[in-house]
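Common to both upcoming complexes is chain A, partnered first by chain B, then by chain C.
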Partner chain A sequence: MLVVLGVLPLPSAAHLVSTGLGPIYDGIGHFFLSLEDLLPLLALMTLGGLNGVAAGRRIMFVLPSAWLIGGILGSLIAVGTIVPAYVAPLMAIMLGVMVATDAQLPERVLTGVIGIVGSASGLTTGIALATQTNNLQLILGSAIALCVLATAVPALVIVAATSRPWMRIAVRVLGSWIAGVGLLMLGWQVRIS
Partner chain B sequence: MSVRSIFGRVVTRLFQFALALLLPQLAMAHELQPGFLQLTETAPHQYEVLWKQPTSLGNPLRLTPVFPVTCQALNAPQSEVLPQSWVWRMRLSCPAGLAGQILTIEGLEAFATDVLIRVEHGDGRIETHLLKPADPSVTLNEAAGVHGRWTYLTLGIEHIALGIDHLLFVLGLLLIVGNRWTLIKTITSFTVAHSITLAIATLASVHVPAAPLNAAIALSILFLAPEVVRVWRGQTSLTIRKPWLVAFAFGLLHGFGFASGLAALGLPRNEIAPALLLFNIGVEIGQLGFVFLVIGLERSFRVLKIHWPRWAEMLPAYTLGTLGAFWTIQRVTLMILR
Partner chain C sequence: MILRTLFILALAANSSVAWGHSEGGQASGLIAGLLHPIGGMDHVLAMVAVGLWGAQLGNPALWMLPVAFPLVMAFGGFLGLIGVPLPGIEIGIALSGVLLGLAVATKLQPPLWVALLLVAVFAIFHGHAHGTELPEGASGLTYSLGFVIATGMLHASGISIGLVQRWQQGKLALRWIGGLISLGGAYFLFGALS
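Let's look at the complex of A and B:
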């Protein structure tokens, strides 16, 4: 992760949402409106749901924890204006493909993937928000939003994927779309850099 | 004593410690009221100014309206102290008119409150804006009034979103209700009850002193905490058997609390009915959003087959009890000191 941070330095693009309801709600708004950060996390949650109930529980507990640790670390190290812009699209492509192929990962591998993706995503957000006042409250708000999503999305996918066979296929199609969007985002980053 | 039990106790103590750290911020939940600035055009390019400066714990917030540079005061401002605001009145002359001019509330960035701006033009047009800390200025123009009334909807949503005490009470009710039908009855009772008192307080200008009201709202949260514990112990009580009854009774109190967000503005009579309706709809949107969120999470926990340890199951009751007790003591103390 640190290698990626060092290799791909790009100008920071923090876009803080102002809800007028304070930093916690601003953090929640920032999380939901940062599509490039949200996409790989959504793919990971979907993958967790496809891997069953135990994997869904792992997503619920490990992902927000890893994200929060990464977020706090990012806000503390505050690597100036450096944000790895290629990381999120690459993660979206990788996880989107895994969802599309209905990859069944061993528990340890899945935990590792959750830890890496969660902390990398948190680190990116933490660095982007480091310059904001009340940045820790913003990160806490984003983490709360992630907790809710990391609980609801795997549960929703489990219900959908086990109810009818075509629903599982629909979820896999969603994975291919996530990979496609990730590819577009990566292309855009290559173009502007 | 087992390791699991010790861990549970440590986590509970840590949670109480974290709550104690957060309490000062949470305690502000309902102290801040929105400011209100009204400009009424009484003669061509001459305006009566009414500025309701919000207060926090009895002290006025350092907010100052900055009028367009072309405007001049015609008299010295006259002030009057009300329970939840300081009211200033003055007359203003703006020879260049107000269209296209910038109005700013200086100092708004520093507070978690809003200021409602209302301009009554001489030709009957009404312009309404809601200024927020992130955007404390507005350019006055003729088209703004079309969307102006929706600001009351926003105010309603904001009021419930920032009203941690109201949300905690709803959470307490959700933790008590046993089935879907009881849930519908309970939430409907709470909604009907707080709508009644919100309407009475706003339309009939019934004023309930803020200090005892806030203390009673805090007490309603404290009241629910032992009931939640009773539910988990498999015991029963009137509240558990008929939660809709308690929801209705305390809903009447919470309605007066909701009204504080609207009544503090002191709107003109012809504006009160639509403002009340939209404000109440806003409150209901926020409340229903919260209810669906909690229900959705509870359903997700069941799908994921999560078996919470005992201490984690007790956390919501601890939250209700700790905050309810803190707010009750704090608000009663403030009431006595005043």
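Let's look at the complex of A and C:
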């Protein structure tokens, strides 16, 4: 597997759709149109929700902050840097499996995972957007969208997972779907490389 | 009314061309992925049978089978996408219909790990078929998303149908459905072997 991944030269690509409303709104639209970037973060937010209210609150603050720091760093150091395309799929697989197995992580470990995944995701997006003009505004817009998602998704998961047992199972099934799609994204990257 | 007209005119005057994604085939990939599992009756029979069997086995198999299947199926899809050959795919898929249908028809109650292993082995065949049949020009990501969702929905359909076992006659009906699935699988197996 490592050999296969090692020969993947594809750079990660961030997609942008011009909303016509300026770079902040283009950034806000980024997550809603870039499934490959959204998927691991969605899994992380779901995992936070499954870990309870305290973890959900932690996600709300730590994830957007880590993502923003990573994004700014990425856009500053980016020129000429190539981010391997398998970063997002690997994160989706790892986090999807954690959701599917309903992993209950200790507080510090979860905070570390949020920080690492958030900053890595921000870094890859920041690097990919570095060639755009107004890239910092794009990153700020994306971070705003992430704030909304990081507030809404864990809250929805907490409500769902604590209301009825089958809802918690449905959330876990969703985790296995995310991991499955991550695995297929990885296969897709190998195929086109 | 006037305000609404002015608003629409203002929007029309301000229209700009959206860039769209640089990567093509997003929508076609999603639709192709959604349609792929339901386009082949051999896939449909086996997926519904997984749900039915899960419902018959009850907890924890009820949720473990639908959680495990997409993951293992995705692994099969991964092998297909990277070009690892798997012999006898059509036979494996047809056989999955036969055996899973039989499991429902006979109300087979093996240990959980045996049920998981059986389903996992067949999931690899189904996933491999999905992975190798990715249409040209389609987005790999949305195609993957589509067929994972469609597969999950088929499992959910099977589980929902399986709820009829709450009633005595429903239990019997479920076993008949299993028998019919098995017969359908046998038809596809005959086709794959001939």
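Throughout what follows, the second predicted complex is superposed on the first by the 179 of 193 C-alpha atoms of A that agree within 3 Å, B and C clash if a C-alpha of one lies under 4 Å from a C-alpha of the other, contacts with A are read in each partner's own complex, and residues count from 1 in each chain.
Everything that follows uses one rule, which is that contacts are C-beta pairs under 8 Å (C-beta built on N, C-alpha and C of every residue); 3 or more make two chains touch, one makes a residue touch a chain.
In this text, all values refer to a predicted model and were calculated from it rather than measured experimentally.
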Requested in this report: Mind working out whether A:Y25 is in touch with chain B, chain C, both or neither, as first, second, both or neither?
Outcome: first
Report task. Look at A:A152 in the shared chain and tell me whether it touches chain B only, chain C only, both, or neither; answer first, second, both or neither. Result -> first
Query - Winner by number of chain A residues touched, once chain B and chain C are compared - result: C
Query raised in the report: Of the partners chain B and chain C, which touch A:D37 in the superposed model: first, second, both, neither?
Result: neither
Query raised in the report: Who does A:V173 touch here: chain B (first), chain C (second), both, or neither?
Result: second
Report task. Determine where on chain A the residues touched by chain B overlap those touched by chain C, and list them. Result -> 18, 20
Report summary line: As the complex stands, chain C meets chain A at residues 14, 16, 18-23, 63, 66-68, 70-71, 73-75, 77-83, 131, 140-142, 144-145, 148-149, 152
Query - chain B to chain A touching residues, read off their complex - result: 112, 114, 132-135, 158, 161-162, 293, 296-297, 299-301, 303-306
Query raised in the report: Can you list the residues on chain A that touch chain B in the complex?
Result: 18, 20-22, 25, 53, 56-57, 60, 148, 151-152, 154-156, 158-159
Query raised in the report: Taking the complex as given, what residues does chain A use to touch chain C?
Result: 4, 13, 15-20, 33, 35-36, 97, 100, 169, 172-173, 175-177, 179-188, 190-192
